[in-house]
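What follows is a group of structures, each given as structure tokens.
Next come two complexes built around chain A: one with chain B, the other with chain C.
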Partner chain A sequence: MDRSWRTNCAIILATIATTSFTLAAPLSAQETFKLGIVTFLSGPAADSFGVPARNGAQFVIDQLNKGSVPSPYEKVGFGGMKIEPVIIDENGGATKQVQELRNLYQRDNVDVVLGYISSGDCLAVAPIAEELKKMLVLMDCGTPRIFEEAKYNYVFRTAAHAAMDNVGLVRYMKAKNVKMDTLSAINQDYAWGQDSRADFVAAAQQLYPNVKVQTDLLPKFGAGQYGTEISALVGAGSDVVYSSLWGGDLQAFVLQSVPRGLSKRSQLVLSAADHVLPPLGDKMPDGTIIGARGAYGLMSQKSPLNDWLFKGYEAANGVYPVQAAYRITQSILGLKAAVEKAMSKNGGKKPSTDEMVAAMTGLEWPSPGGLIQMKLADGHQAIQPIAISRTKYNPDLKRVELVDIQYFAAECVNPPPGVKSIDWIKGGMQGAKCN
Partner chain B sequence: MNFFLTIILDGLIQASWLFIVALGLTLVFGVLKILNIAHGSFYALGAYIAATAVTMVAARGLPPSVGFVAMLLSVALIASAVGLLLERGLLKMFYGRNEVVLLLVTYAVFLILEDVTKLIWGVNPIYATQPYELFGNLEFAGLYYVGYDLVLIPISAVVGLAIWFGLNRTVIGKIVLAVIHNEEMSVSMGVRVNRVYAIAFAFGVLLAALAGALTAPKISMQPGLSSDVIILSFAIVVIGGLGSVEGAAVGAILVGLARAASVHLMPQAELFMIYLIMAAVLMFRPEGLFKRETARRI
Partner chain C sequence: MRKGLHPLVMIALVTAVTLFGRVLPTWTLSLATIAASNALIALGIVVLARTGNVSFGQGLFFAAGGYGVALIANAWGLTDAVAQVIVGAACGGLLGLVIGPLIARYSGIFFGMLTLALSMVFYGALVKSTALGGSDGFNVGRPSLFGMSFTDPREADFMLYAVSVIVTGFAGIAATILFRSEFGLASLAVRENNLRVEYLGLSANRIISINFLIAAIFAGASGAFALMAQRHIDPQFAYWTTSGEFVFVAVLAGNQSVAAVFVASMALELVRSFSNLYLPNTWQLVLGVFLLGVILFLPRGIGSLWIRDRHKRRISATVPLTAERGAAP
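Moving on, here comes the complex of A and B:
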């Protein structure tokens, strides 16, 4: 009887202890973090951006789940929670993406959605996340309008917007004494192309006050054939031809313009061209000034984090990582930092959306492309350093190399908080810290 | 002067390949009375087949000229077969139905072919640039032009003349014209209309695919290629008159010149200019520039 009573007491105590331990324990072994990832898996943007971003996400999530990422990200997954990705195709237009975002939050019950490459998609989905009070991390899209024309609490962008690319290009040209008395431009006729064009022209007018804009072309996205445009650009004979074309459009433009002597007559300046260097190879003319929307890929600086990404991605995919892979990596690492910061404040529990939002606001974290700082839009928009360089084909390695690389600090090429980027540029880029 | 010559040359280069696509579209409409929405997909199919042929030839270390011939031959063979197969296997089941039904059938074919191309060639851009360097570069009006682009102009002229000659100066052509003008009378005279339908449709597909093959060396092939082409082709045949070879030629030249002129003079009006011309033609000639008005049969 005594023994039985004692046994029962022991069972009850053990049960209470186990229950208490479970309640007090930060996470169960099976707790996961469900992460919606949206990137182009098909369509014109898939090859240049979407698939490298998907490959980058898979590599980083695999490494995080194994606990193989260098310091300060060595902890498994997000704060010990394994990451469970749900990958969605961004192709199909903004209306489809709005529905897909609702599905991710409401049907798939993801904890956070991270992704988006198209500026149009970013502009469309941001208000939906805000309406649903769910956390959305935009990882790539370039238009400055997202936070300059609206205010969001649940939305973040972990990469700098297009103003940085264009200010960086013009600063580079000035530093390298590139002549620009006359300028022509060719950009796609949608948010990215138009915003990039406006930023570049405005920055050029600040640092080259006498610059004259000659031919200014805005072909539609996916035009593919640029014979007439090239005639107009070659005919204008400007000192500089600027373009923010990307992907298949940029490749077609380069393939069609080089035999017609455009690169010999004008200095080509391309704001986002790193991703077309592997497929174009020797077709890319030497001396072209290019940006990569950050200090990425062949322009990235040596660090344990960058070595880990560059070598690991190359080994996994047979090609070195370009901007999209870097941007999704910095986005996932930023989210990890935010989740773990929130967990450190709530006793190690899986954080709520509001806890993650509070942790992400104004956050800073190291990434393979440099330090990311959420400094703009009340801590919701990132700034980061950028690198600009020139192309040079290496026939021995049979690949384009980047030479004459110059790095610009984040606060040299990004506007300060509270100022619209175009106003900042037109106002002479006051407060820029370039030393 | 050089400036206007540049506009004319750019316009003609643009018109050359557009004319071949529009010719196929107008031929199919003239004979079968089908507004073929899938026509742009055959253009894309031709481009992809050409790219595959060129890549295979280049991989064997053969010169670009062999690649050029290989791409034309492979496109001719495959596109004709696809055209015949589709007409005999699918379209003929819907003859006699409402024209809207046939329109929807070709739309279904368009959607299927979009996915078939993705299935076979994937979603990443494909290039086949070797033939683009085949004819060197030429200087004209102070600008360098790629010889390949210039060669497209006589090629399209030859294709157009061959089709015109075939239709107007051969027995088979006169039979086709008879079917176009009066199908019932042709049947009563012993014409095998079904055979004419099959040949005309296969020719239409072949022309679209040929245009795709000819443009393949200078573009990046990727999903979505077909939709842009079909919109421009429709604009051309509407301007020229549905079913008219001469109309397709004039429509293509007008569209090419309008686009070139607006890119050089007023880039922001590039797309608008094409549809402005179309609207102006429809306002004064609702049947298009070259379509003869016909009495309605009761």
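Moving on, here comes the complex of A and C:
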């Protein structure tokens, strides 16, 4: 390595640095709305949630920019402004996400950031958006802690938190007279698994006061091999086996447990499983009770808006939309409703962050998965209806159908304002309005 | 032999870099804060590497500093940035004091694997602690400085930038002085032949322990910075990929120059950020190609771009690993 070689290297590095800086210069945009979208494009959650969410966002934004979304979203883009998405990867941990959120707001000058699937990332980015006084719309993450432990003005979550998934499951089992004298559980050993388990057990103890928890397993995240866990579950032979596993872990668990007869001995109850139905196909045992974290995908109710998403997404991506695609759709449509509400108040100008925040607080809007209402956390946290169903493989269509679908109203499965969700469940779910 | 810069010149340099923050765009400030924090921990790895041992578990002290500061901040309302750095350094240092003497008896791959194992034990314990938020972690309030709280985002970012650059800068100056000192040279000798060092009447274990302690203190302080910059902590701080990243900064920088550690850290953050923006689907690939490129074309690290001492290289051809002697910023 002689000197000139090193000088060359230095020049190349310097050139790269300068180009990046020039590229970074904000492009002034008059009639567009710059929307930062953060979702998993790599890592374990990409395949199950991140990429379907990205595909959903691209489909919806494309349709909005063409103005071909059904009523009440016929207007082009957001109130006539074309949407310009900036999509980045959520993978890499909370430290990276905090940094990238700042970059989106301060360097790329996005108007609003929308996204986040991991609860840890949601918890980490919320206070940063609040400090920067920029609007942040969380679309998916499960933990109820975001608004139960802190108050935010600039942060919204357009989907119900995870308490709904487990309360809905237990209500469904009660309504369908599923026997549950004994219960076993298998959940991943991280916050989602631990919290889901706590919510489900607490809700089960309310509606099934005599239930006995037998085997309670917490394998590590991404374990992939469940031989010993399945032995323990088969050995326990409980009436019900509950799991909040998702993605590759859930697929592995189902594939390994079915040949060993777990689904014949125990009723399998899965809190977030619709996204593994297309890949599993006939490997999914019939009669499994599943939730989809909302009335999504094959459990969604018929409406012009839902037909538009379901058929359009399927045509564009070759697979029907599941949870994540629905969640980002309801998020983008909610933001559209808020922006247009703000514009109707300020005379049609591009609204400021504070105008959008005021418009979004307490907003209600129709989505393909049902009516979304920002009812909790002073109008910053959404509640929504949920559907629970059983699986049934259809050999003619070569896909898993969902039968025995039951819908629960948002206020039946979500806590009322001002109560922590785990306290609400343990207190007997007071104030729930079920029909 | 090149003597290196006078410490006063280095102090002037640190001051200049701090003041330069006034004209930087806001988004670079927090990026530079994270880069400075990563540089501080990588500097600790370089200090330790001079004894021939690489720690793959600096995440342990990084997390210990971060969690220590976060818990104290939430329990007693300690928000002062400088106090938080001291608390972080103390937490890392205390842990280093316990672990250092135990681990100093091992070397090479055993040393690396043991540090890695310890950090993963800590990670496992944190994930299971639901009181600390488990794998989701928890948030802390924003830091203040000497009783002043900053509500303007730019001022708050600049304050953090200034504190982290000054602390990291002074750590760098201290490291340079250390490298030139008798103790620093003895550390190099441990790497070359620890038996001979023992025959000289010095304890090799003690030298490794002290270097390990310094690295732990730097890592603890770095954890405090990372916490202040993102106001959130989770067990990822102790995960092996986090530790691996710090080792990577150290490898990128090479061990010829303390300043190279800062440049490498900043370069890595910039490459990561821009590749994530323009190539969201393949940013890891870009990062990997960048790292490979540096290793292939600058095998002695980014520092070799401006440290060119032929004399030193001639010596290192016959007696390897003496290149650090003239370590200068």
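Following the convention adopted for this analysis, the second predicted complex is superposed on the first by the 405 of 435 C-alpha atoms of A that agree within 3 Å, B and C clash if a C-alpha of one lies under 4 Å from a C-alpha of the other, contacts with A are read in each partner's own complex, and residues count from 1 in each chain.
What we mean here is this: a residue touches a chain if its C-beta (ideal position, glycine included) is under 8 Å from a C-beta of that chain, and two chains touch if they have at least 3 such contacts.
Note that this is a predicted model, so its numbers are computed, not measured.
Chemist: Specify the partner with more touching residues on chain A, choosing between chain B and chain C.
Modeler: Residues of chain A touched, chain B against chain C: more for C.
Chemist: Answer with first, second, both or neither: which of chain B and chain C does A:Y190 touch in the superposed model?
Modeler: A:Y190 sits against chain C, while chain B stays out of touch.
Chemist: Would you check which partner chain A:S231 touches, where first means chain B only, second means chain C only, and both and neither mean what they say?
Modeler: A:S231 contacts chain B only, not chain C.
Chemist: Determine, under the contact definition given at the top, whether A:K283 touches first (chain B), second (chain C), both, or neither.
Modeler: Touch partner of A:K283: chain B, not chain C.
Chemist: In the superposed arrangement, does A:L41 touch chain B (first), chain C (second), both or neither?
Modeler: both
Chemist: After the superposition on A, what does A:G222 contact: first (chain B), second (chain C), both or neither?
Modeler: A:G222: touches chain B, not chain C.
Chemist: According to the stated criteria, A:G369 is in contact with first (chain B), second (chain C), both, or neither; which is it?
Modeler: In the superposed model, A:G369 contacts neither chain B nor chain C.
Chemist: Just chain B (first), just chain C (second), both, or neither: which does A:Q251 touch?
Modeler: In the superposition, A:Q251 touches chain B alone.
Chemist: Give one of first, second, both or neither to describe whether A:P127 is in contact with chain B, with chain C, with both, or with none.
Modeler: In the superposed model, A:P127 contacts chain C only, not chain B.
Chemist: Identify the overlap between the chain B-contacting and the chain C-contacting residues of chain A.
Modeler: The overlap between the chain B and chain C interfaces on chain A comprises residues 41-42.
Chemist: List the residues on chain C that touch chain A in their complex, please.
Modeler: 25-27, 30-31, 34, 127-128, 130, 133-139, 142, 153, 156, 226, 229-232, 234, 236, 239, 241-242, 267, 269-270, 272-274, 276-278, 280-281, 283-284, 297-298, 304-305, 308
Chemist: For chain A, which residues are in contact with chain B within the complex?
Modeler: Residues 41-44, 46-47, 51, 215-220, 222-225, 227-229, 231-232, 234-235, 247-249, 251-252, 255-256, 259-261, 279, 283 of chain A touch chain B in their complex.
Chemist: Quick one: in the complex, what on chain A touches chain C?
Modeler: Residue list for chain A touching chain C: 1, 3, 5-6, 9-10, 13, 17, 20, 23-24, 41-42, 86-89, 92-96, 98-100, 102-103, 105-108, 119-120, 123-124, 126-128, 131-133, 143, 145, 149-150, 189-191, 194, 221.
Chemist: Write out the stretch or stretches of chain B touching chain A in their complex.
Modeler: Against chain A, chain B makes touches at 3, 6, 9-11, 13-14, 118, 123-125, 127, 129, 132-133, 137, 142-146, 149, 215, 218-220, 222-225, 228, 259-260, 263-264, 267-268, 270-271.
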